[in-house]
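A short worksheet on the structure shown next.
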Amino acid sequence: MIELFINAVVAGVLLGGFYAAVALGLSIVFGRLDIVNIAHPAFVIIGSYIAFYVNENFGLDPIVTSFLFLPIFFLLGIGMYRFYYVCFERTGQESLSGLAYFFGIMFIIEVLIILVYGVDYRNVQAPYIGYSLWINDWIPLGGFRVSLPYRMLVPFVVAAVVTGGVYLYLSKTYLGRAILAVSQDRVALQLMGANPIKVKQWAFGIAIATAAIAGALLIVIHPVEPSVGRLYIGRVFAIVILGGMGSISGTFFAALMIGIAETLISTFIGPSWAPAAAYGILLVTLAVRPQGLFGRA
Amino acid sequence: MTEPILSVTNLTKRFGGFVALDGVNVSLGDKERLGLIGPNGSGKTTLINCISGALFNEQGKVNFAGSDVTGTTASRRAKLGIIRTFQIPRPFRSMTIIENLLIPMEYAASGRMESRNLRDQAMESLEIVGLQDRADENSANLTQIDMRRLELARALSAKPSLLLSDETMAGLSSSEVDEVLDMLFALNERGVAVIMIEHIMRAVMKYSERIVVLDAGKKIADGSPDEIVNNRDVERAYLGE
Amino acid sequence: MKLNKFWFIIAAVFLIGIAFTMVADNEFYFYATYAVMQLMIMGIAWNILGGFTGYVNFGSGGFFAAGAYTTVFLHRAFDAPPLLIAVLVAPMVCGLIGLGVGYFTLRLKGVYFAIATLAVAIILETIVVNWEFVGGAGGYYLLIPENVVFFDSYIEWLFVLILAITLIAIIVSRYLNSSKIGQGLAAIRDDELAAESMGVPTLKLKLISTTVMGGLMGAAGAPFPYFITFVEPASAFNLLVAVMAIAVPMIGGTASWIGPVIGGLLLGTIQETVTVNISSELNLLIVGVVLVGFISLAPQGITGLYQDFMRKRRKGND
């Protein structure tokens, strides 16, 4: 029983790390720019399918593929923001229409993928999938066997690195700090010589680029089909809101918490209840502490 | 003075650890004109919000027209006759100017309306502020001064017994300030008590029968305009030591 | 539209509908128009909370499915009672759910509210998936009764039923739109803070809005199990329902009661034509593209475009 618990927690941590990679883009765009890109998981799924395509036809490792495709996703993000700006932000329509707009985009993406690939599950091949690292081989754990499957460990490490990278970028570089600034005071930003639109555009590009990586991580962890993105909508919003809007470190910790919660519920209550975990946590957070754990109040 | 129409007793409002209002006591007589001044950040708008119900105070009581309205919703208080205008006007943008007035008439003033045609009654309010010729124009693209006029007309239509005017004159030209002052005097003539928050001193001095001064959440002075002008604490609050 | 003319049209449409059942022999028409009317009801329902009140919600699919599963529950628990009973019970159940959900989520604004409604829908779905009595994940089969009073076949009865529900939805929506309540909802949509300070009891009106939306969605979902004979959570709670419910009013126009009717007719007809003649996936794609197109380029919908056109014509005549 205890062994089951420890393994569940460990799996939850690994899963949580991956969730952080998925939520990262939304943390930037929703947490900092107040753009409700509910379609973010759909972009992640695009990343998954691209990784699948390249893996199937060229044998390239999915995660490496995603890094190769970063520039394309970045440009896609810029394009998405531009259109959004022209249609919505400029006219002040963000609230009602902006939301519905991204909802529609998400739907279109899902349908396009179905048209091209159908509804079957797809997965990738990589040398490390299917193997595990047994911690008890390295550290004596008093008889408990705790495994870290590589298909989860590798994404966790990549996710942690990417999250750390984005965090450093936002806090240390000029553009990164401009992104932080534009959410707080765009007029002051303008007075300091930076163009808020270009800054937001850049941020959106980064966010969608992270989706490419997250997509590859996703398909390494488990097989993917077009509607999988919907399961993640609740998760990513729960993570971003729980972590505190705009806090990258908050996002990471919230992701870990949700990963652990889901895995524990899945293990001890039943996997069919797991989807409700993130949504339930989301509702509780909204009711009790809407600014999240690390949020600016 | 007869029974005060409004009495705020020992009102304290906190935002987390920050104390915005600290044990404030204010009372207002029926039909009185009260000026509310103080340096920026002293809590004037917060006080207005607590009186109107946009915010709820943690401690203290708000008494209006004989009943305790502490903790009741803003719409409830509007129905009783407490109406406020906003610093930055908030018109109902999808509606025409005259449609904007229908809302307070049907809701806030629903017990106090005459049985005549609503549109006619709305036109009267528009005449007071000078917007009667534009009644059927959309309210979304008005100039600043016109939006202030609409804001006042809307407040008028709610048939208030207490009007809380939050910096209605901010950013207006000198002649526009005079226009708004005239409207506020006219309103007071009809029996409405008014609390006016303003930074434009000549307007406050001209309009107020009594002035309350706030500084850092506390009331530091309460008296006639002449008394306030000569009050050392007030001078210190605005100019520093 | 003048009141007398309105009631006349409602009555006329209903009578024509009944006449139709006596005359038509190809059942396909009933299936097709059922789907169109179901869309209209969903659009009307969503629009009450989304268009009139300005609270976009993504969870409307949950209420639709709740209506469908109320029928399933009654079918199983009371050994297939007449559908009419379910159609009366489901709106009450779903209206109550709407009230409850509203009470907890309406404190949230904008985005948070929309996501919270999605969360509620998913949680409802998870509950149904784990509830064996109504079939769980595997689904539930329904047998259509052999004989039905007045009509030649069951689908004709379903057609008249959904026609009646649609007309009721239109009546309710029109009433809300033009009444004092409707003006209050519009004020909330335009500026909730200002509305509250002008005496509009915003929480109470918002709750009325969510309750009516829930009830109408439930009414739309109640006959669904009989229409489709097999109900499973995956299709009942499908995101498609939520998307359609949003697409219909956004295309038709959100500001008035007539927008969702137009949108429902238009979208429903496109759907039926494309699904039958081309493919159902392409149909979904078209829906998505049309939705995004209207949202981005014509956010006031068809009625908005019409009003702009009329306004320009009037200006041209001056």
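Each chain carries a letter (A, B and C) given by its place in the written order, and its residues are counted from 1.
Heads up, the rule we're going with is that contacts are C-beta pairs under 8 Å (C-beta built on N, C-alpha and C of every residue); 3 or more make two chains touch, one makes a residue touch a chain.
The structure displayed is predicted, hence computed values, not measured ones.
Novice: What chain is most central when centres are computed from CA atoms?
Specialist: Located nearest the centre of all protein C-alpha atoms is chain C.
Novice: Just grab the chain with the largest centre-to-centre distance to chain B, centres being mean Cα coordinates.
Specialist: Centroid comparison gives A as the farthest chain from chain B.
Novice: Would you kindly tell me how far, in whole Å, the mean C-alpha position of chain C lies from that of chain B?
Specialist: 43
Novice: Cα centroid separation between chain A and chain B, in whole Å?
Specialist: 48
Novice: Using mean C-alpha positions as chain centres, tell me how far chain A is from chain C in Å, no decimals.
Specialist: Using C-alpha averages as centres, the distance is 33 Å.
Novice: Mind pulling up the chain C residues that touch chain B in the complex?
Specialist: Residues 180, 183-184, 186-187, 189-191, 193-203, 255 of chain C touch chain B in their complex.
Novice: Sort out for me which residues of chain B touch chain C in the complex.
Specialist: Interface residues on chain B, with respect to chain C: 52-54, 73-76, 78-79, 83-84, 86, 90-95, 99, 102-104, 106-110, 154, 158.
Novice: State the interface residues of chain C toward chain A in the complex, per the touch definition above.
Specialist: Residues 50, 54, 56, 58, 104-105, 108, 110-112, 114-116, 118-120, 122-123, 126-127, 129-130, 137, 239, 243, 246-247, 250, 254, 281-282, 284-285, 287-289, 291-292, 295-297, 299.
Novice: Would you tell me which residues of chain A are touching chain C in their complex?
Specialist: Spelled out, the residues of chain A in touch with chain C are 30, 36, 38, 83, 87-88, 93, 95-97, 99-101, 103-105, 107-108, 111-112, 114-115, 227, 230, 233-234, 237-238, 241, 270, 272-273, 275-276, 279-280, 282-283, 286-287, 290.
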